[in-house]
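Structures incoming, each one as structure tokens.
Here chain A shows up in two complexes: once beside chain B, once beside chain C.
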Partner chain A sequence: MRVRVRALCRRLLLAGLPLLVTAMQARAELVVVMSPHSSITSLTREQVINIYMGRYRVLPDGGTARPLDAGADSPERSIFYRSLLGKSLDDISAYWARLVFSGRTAPPREVPTRKALLEEIADDPGAIGYVARKDLTRNLKIVFSFPE
Partner chain B sequence: MDARTSSFQRDHQRRWLLGAIAQPRSSLVSKVALTILFVGIGLALLFAATGALFLRDNEIKRQLQLTAELLTTVESTVRIACFTGDKALAREVAEGLMTNHSVAGIRISAGEQVLAETHRRTSAATSAPEHMVRRAVASPFDANSVVGDIVLIADSDVIRTDAAEHSGFFACILLLEVLAVTLAVAFVIFRTVVRPIKVLASDLQRIRATADQRLPMPKGHESNEIGQLTKVFNAMIGHIGKLLTQEQSMREQMAHSERRFRTLAENSPDIIVRHDLHHRLVFANPAYARETGLPLDLALSGVLDEQSTWRPAIPIEQYRARLRRVVETGAPDCLLWEWTTASGNAVCHEMHVVAEYDADGNAVGTLAIGRNVTDRREAERQLVHQATHDALTGLPNRALLKDRLQQGIAQSRRDGRNVALLFIDLDHFKSINDTLGHDTGDELLKLLAGRMQSVLRVGDTVARLGGDEFVVLIQDGIARHQLDRVAQKIFHTIATPCEISGHQIYPGASMGIAVYPQDGADADTLMRSADTAMYVAKDRGRNNCRFYSAEMNNDLREWLQMSNDLRRALENREFELHYQPKADVATGAFAGMEALIRWRHPDLGMVSPGRFIPVAEENGLIGAIGHWVLDEACRQMRAWLNAGLEPIRVAVNLSAVQCQGDELLRHVRTALAGHRLEGRRLELEITESIVMAHAEESIRSFWALREMGVRVAVDDFGTGYSSLSYLKRLPVDNLKIDKSFVDDIDVDPNDVEIIRAIIAMAHTLGMRTIAEGVETQSQLECLRQAGCDELQGYHYCKPLPAAEVTALIRNGNWCRLQEVESASEEAPKTI
Partner chain C sequence: MQAFRSKKTKIPLVILLVLACTSRCLPALADDAKPLVSFSGFGTLGAVYHNEDGVEFRRDVSQPDGAKGGQVSFLPDSMLGVQATAHPGPDLEATLQLLSRNSIDVNFRPQVSWAYVKYKPAENVSLRAGRLGIELYIQGDSADIGYANLPIRQSIVFYPRSCDGFDAETTVPLGAGTLRIKGMAGWAEGKLQSGGAPYDTGGSSIRGALVEYAQDGWTGRIATGRLTLKNETSGAVVDALRASLSMVPNGAAILDRMSLKNRPVDYTSIALAYDAGPLQSVASYTLVSSPRWPDMQSFYTNMGYRIDKITPYAAYYVKRADRQTIPTGIPTGLSAATDALNQYAALAQGGGVVNQSGITLGMRYELSRTMALKFQLDRIRYRDPDSIVDPTLSVAPVESRAVRSMNLRSLALEYIF
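Moving on to the complex of A and B:
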């Protein structure tokens, strides 16, 4: 845990104070969304973790879940994993590296732009994504929001 | 002896040292080495075994831990695999783990689903449950959420083998280490302890304590315990050397002393014996064997009273009591051991006995040193006998008699029984001695002593006081008439005639008897009384016996008085000579005179020679009186010559005392010369008994007298025993026929014959004969007829004082002679 804190501190120092401020604001604003067509109304944090980290790709209603990641450089992605798992993106990458080389489980599909991401979520009832609350549209249904 | 002793000494010494530090049967080196080796190996094995076991268990645990830690290395991957249920990843992990050869199998499961399971075929079945590690697998994102488990099965064979190899290796190391330490310790002990001790021991073996040798100090050990040990040994060796030297010198001293005492004991002429407390002989020297005649080996351990050859003279209990007292009191004693040997000889040893003690002061017996005092005792006994007995007769002497008399008196005072003392004096013993010789006299005394003893009882004592005096002591109370009988018996036995060396002897005795208590209150008085009685008996004609009476003392006093008066008489010139003329029988002419002594006692008047001569003979004055007579006769002759008278021959009597020795000739010569007289004027009359007693001596004396011209006459002829052969050789001029023959000459024809014979013999030998004591005319006639030459007697003329004789001669008035002449027809011419 201390290692993690130290790593975080180092990262914060590299990113600079403004980034830290932004991140704090952004995390607070991220929400897990699905298409309004989906029968799912809300997901638990466990369910979000299982889906995103490859344990299940099955929704509670029995449909296939298709988690989507924001672009690698996007602040939401980093904020999301930190908020969800408390891990950095490097950790997440290392996790997936194990699985990718030997296993069959694949990481969430990366959608490079926010716009494309939003569209895909809106279109696919199985798709799950995270967006900043300020970027919410009508076509999006919040199934999980990080507690304050 | 010294060399033996010292060689023994050396042996002893060496043995002592060897005994202490001989070559060890089990070497300390090997013992220590073996002990250390065995202990070391044992310890090593023990350590190795326990270490191996401990190590093995630890190793197994460690292997298991290591194996379990394998799981940690793959944990994050397994978490992911279990989280995602990715079998491929799980298999990959499992295969990765299986590359470790201690892992026998892996099973990864997520929930019910087994993701991967691999087993090594060989060892799967043998795995023990404890070698199986099961771990829950948590979610990678939530440590609290278990998403699966992983089971690792360790290969126990491999683990065991590994552990065994591992622990075996370490055990070997341990073993080697312990062995190395053991050897090192053994080496150090050997170098620092055992070897120095061994060197010490071998040095010690060569050491001679008495030669003042010392152990060399081992190098490098000067200040440690070995050095200390060496110092202690050296001190001890010095001490032992000193002790050995002391002991040796002490032993030598003891041996020397022992030798000296042995020499002393073996060569001692005295008996040295040692008895134990039971009177058993435990030591005896050769002198003991010699004295007793017992071999030493037989004598030893014998008991005093069990000596077969020796018999004690007094009861053995007395000896034992004395010995016990010596042991009890510790006071030495001196006892006489009197024995009779087997050969019957009485021996006597004077034994000095002392008690002997052991070192604790307890008495262990007695030591007796004895000297043979048999000879000394015998000499003492003889001395006592000599002191108390008469040498000639063996009878008790005066001392013993007095002792017994005193005892008898003391006894008498107690029991009232009287004591009788008989004084016996032999009659005429002197003349027997004189005539027959002392040997005969001695024989007679012995004979009479035996006779007297034989008639007396055992309890009575016969003692000889000396000379011819005997005393009989009768102690046990005897009545007067019994005493008479005893006296008669004694008389009778004495008077029995006997023959000694060819002489017939008729002994006689005078006896005086005194009885205690009436005749004397003590021994001396009683002796005096008996003596007095005896003198009285002798005085009363000898050969009789008198009981003492008080009056006897008066007689004795008289005698003593006379004895005293005689002494004075010589000084006071109380003696005088009377002269009795002699006549020629044939012619009646005056034929000389015999001088006869008279004593004019101031109180008693004239005393006859018959009374005082025996007293003078007794008290020894007779010699002096005899000289006086000789001198006085010569003086008178000179006076007559000076008065102008014709020379007259005077005959002088000589006593026995005068005749002995050469004194006689000297005296005669002196007397004649003193008065300027020729020898032929003097005639000496000597009795027959004296002449014959000293016959040879007389022959010499008489010849000497004849040379001086002195005439010699034998007096009292016929009363003694004359040897004709002697008579023949004697230059005798005259024989005087004893009065006893003359007395009865006119009555007894025998006497006439005897006188005739004497006269015939005398004439044959060229001697003249003179008859003595002629008192009657008829006697004169007989003598004349017998052819006697001269006569003397009252018939012719009685003895007259010198003055009267002088007058007679002057006047020529020989009355008697004239009568004779007138009686005889042949008238002799007158002088």
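Moving on to the complex of A and C:
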């Protein structure tokens, strides 16, 4: 019996290990960005959660935050929610089903391509998005980094 | 607002007009970032099985019938909802939601479950008017969105579920979290059946308010509301009972308890939810009270822990009310007719009395990002049932009812599109 319990624990740990590794990689690589035209210099993790989960989308300067999501199958999207909330995209989909079909609020708008996403963020002072650090351009400003 | 009450059928027409105008007349006003009109939907294909002869399992009291013993039934849980949302301007939204499910007098004919216009004068303020879901307990406005919920069906569902009226809410930052404050008022709509004939809640006034604080994965919530029933129960049996009770010693007190017209029913609910990482859980307590009725208390909790694509979950609920009945004052055994009158009088007072509990074990499997398969086992115990129809209880003396139990197996495919 004890052997079975140990085996089960080992399997659970192994199942969770890839997620842990993914989350650790994400913290090192993903950053939350806004336009250089925005007056926002930094956001807290709680503010990013509030914006992306539709709880409170007012920026510290009083403007409206317009969160953008990467394409549905992009690795950045999965890594972002795993890093921010520890949630899978399936969880996020169920979360938004409740809010959308009860008329509360809308999910972040999806921008299918990385190029379009970066351009939208750069052009709109209220837009907010997430990109891999290696994809940063001079047209983007980091407002939140996941702790190492 | 009077228009909402007296011309309820016109509300969906107004929303349809807004949707139609949005798609044809107002392209210039549209916010570039949002599609002019978007369509989405949700549904459940659910099968239920139990083997209790003569007993019917209903999802909730809005259903006239349910799953019979020994047969697989798709009646209780299967449903389909479609929603159209238009954005005629950056601050304006119109939504129409149609829902097809088994409910009284409807039999899967699509009904308007939501139809409202929303105006946002500021990013953190919203005002809605039209047909709206009632959110007097946590997740109460999304009980039919199976894909969004952990168990196949919410353990406790209060009725009425929707109203024609308005609500207003604002969210403000407080400390490290956010505080959401909401108020609503309107007129209820929908029928329910909890023993006897269906009761139409239509036209009953309802008002309520809630305060919700969210921080990290935690959400705490307090809500309160008052429903003032408009309609009286009617029917040949009820009318005959009323006539008979008017002649017995305690008849006036019993008739007063039975009366629904202008009866205020107060709801108070507190809830705490946690949703972070792979763990999600909710616990909720609700008190329902009304003058000269025994208080009804309910508690439910559920918890799930996701492991990759699988989320095992467990839930428990209990609904309890004191079984106080006012005796007619006629001694038992006087005659068959007076004994029958005593029994009917006790039964009639028991309409709002519910004593039922249940334990749920289940598993959710994510088939895709828009579809989940759930398997669930329920063990239900009841003495005074709520959603369960057990005709043998109506012939047993109320005072000597035994606790009964049933096992339920459910399989559901839940999806959004």
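Here is the rule we use: the second predicted complex is superposed on the first by the 121 of 148 C-alpha atoms of A that agree within 3 Å, B and C clash if a C-alpha of one lies under 4 Å from a C-alpha of the other, contacts with A are read in each partner's own complex, and residues count from 1 in each chain.
Heads up, the rule we're going with is that a residue touches a chain if its C-beta (ideal position, glycine included) is under 8 Å from a C-beta of that chain, and two chains touch if they have at least 3 such contacts.
This structure is a prediction, so every number in the text was calculated from the model and none was measured.
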- Between chain B (first) and chain C (second), which does A:Ala72 come into contact with in this model arrangement: first, second, both, or neither? second
- Which holds for A:Pro36: it touches chain B only (first), chain C only (second), both, or neither? neither
- Query: Of the partners chain B and chain C, which touch A:Pro112 in the superposed model: first, second, both, neither?
  - Reply: neither
- Task: Scan A:Arg55 for contacts with chain B and chain C and give back first, second, both or neither.
- Result: both
- First, second, both or neither for A:Leu89, with chain B first and chain C second: second
- Message: Which chain, chain B or chain C, ends up touching more residues of chain A in the combined arrangement?
- Response: C
- Message: Once chain A of both complexes is superposed, is A:Val100 in touch with chain B (first), chain C (second), both, or neither?
- Response: second
- Do any residues of chain A touch both chain B and chain C, and if so, which are they? 49, 55, 85, 87, 95, 98, 102-103
- Mind pulling up the chain A residues that touch chain C in the complex? 12, 15-16, 46, 49-50, 55-58, 64-66, 72, 85-91, 93-95, 97-98, 100-103, 106, 109
- Item | Residue ranges of chain C in contact with chain A within the complex | 33-34, 40, 42, 81, 83, 95, 97, 114, 116, 118, 123-124, 128, 132-133, 135, 139, 141-142, 145, 147-149, 171-173, 176-178, 180, 214-217, 275-278, 306-309, 366, 369-370, 372, 416
- Note on the structure: In their shared complex, chain B is touched by residues of chain A numbered 49, 53-55, 85, 87, 95, 98-99, 102-105
- State the interface residues of chain B toward chain A in the complex, per the touch definition above. 77, 80-81, 83-89, 92, 140-141
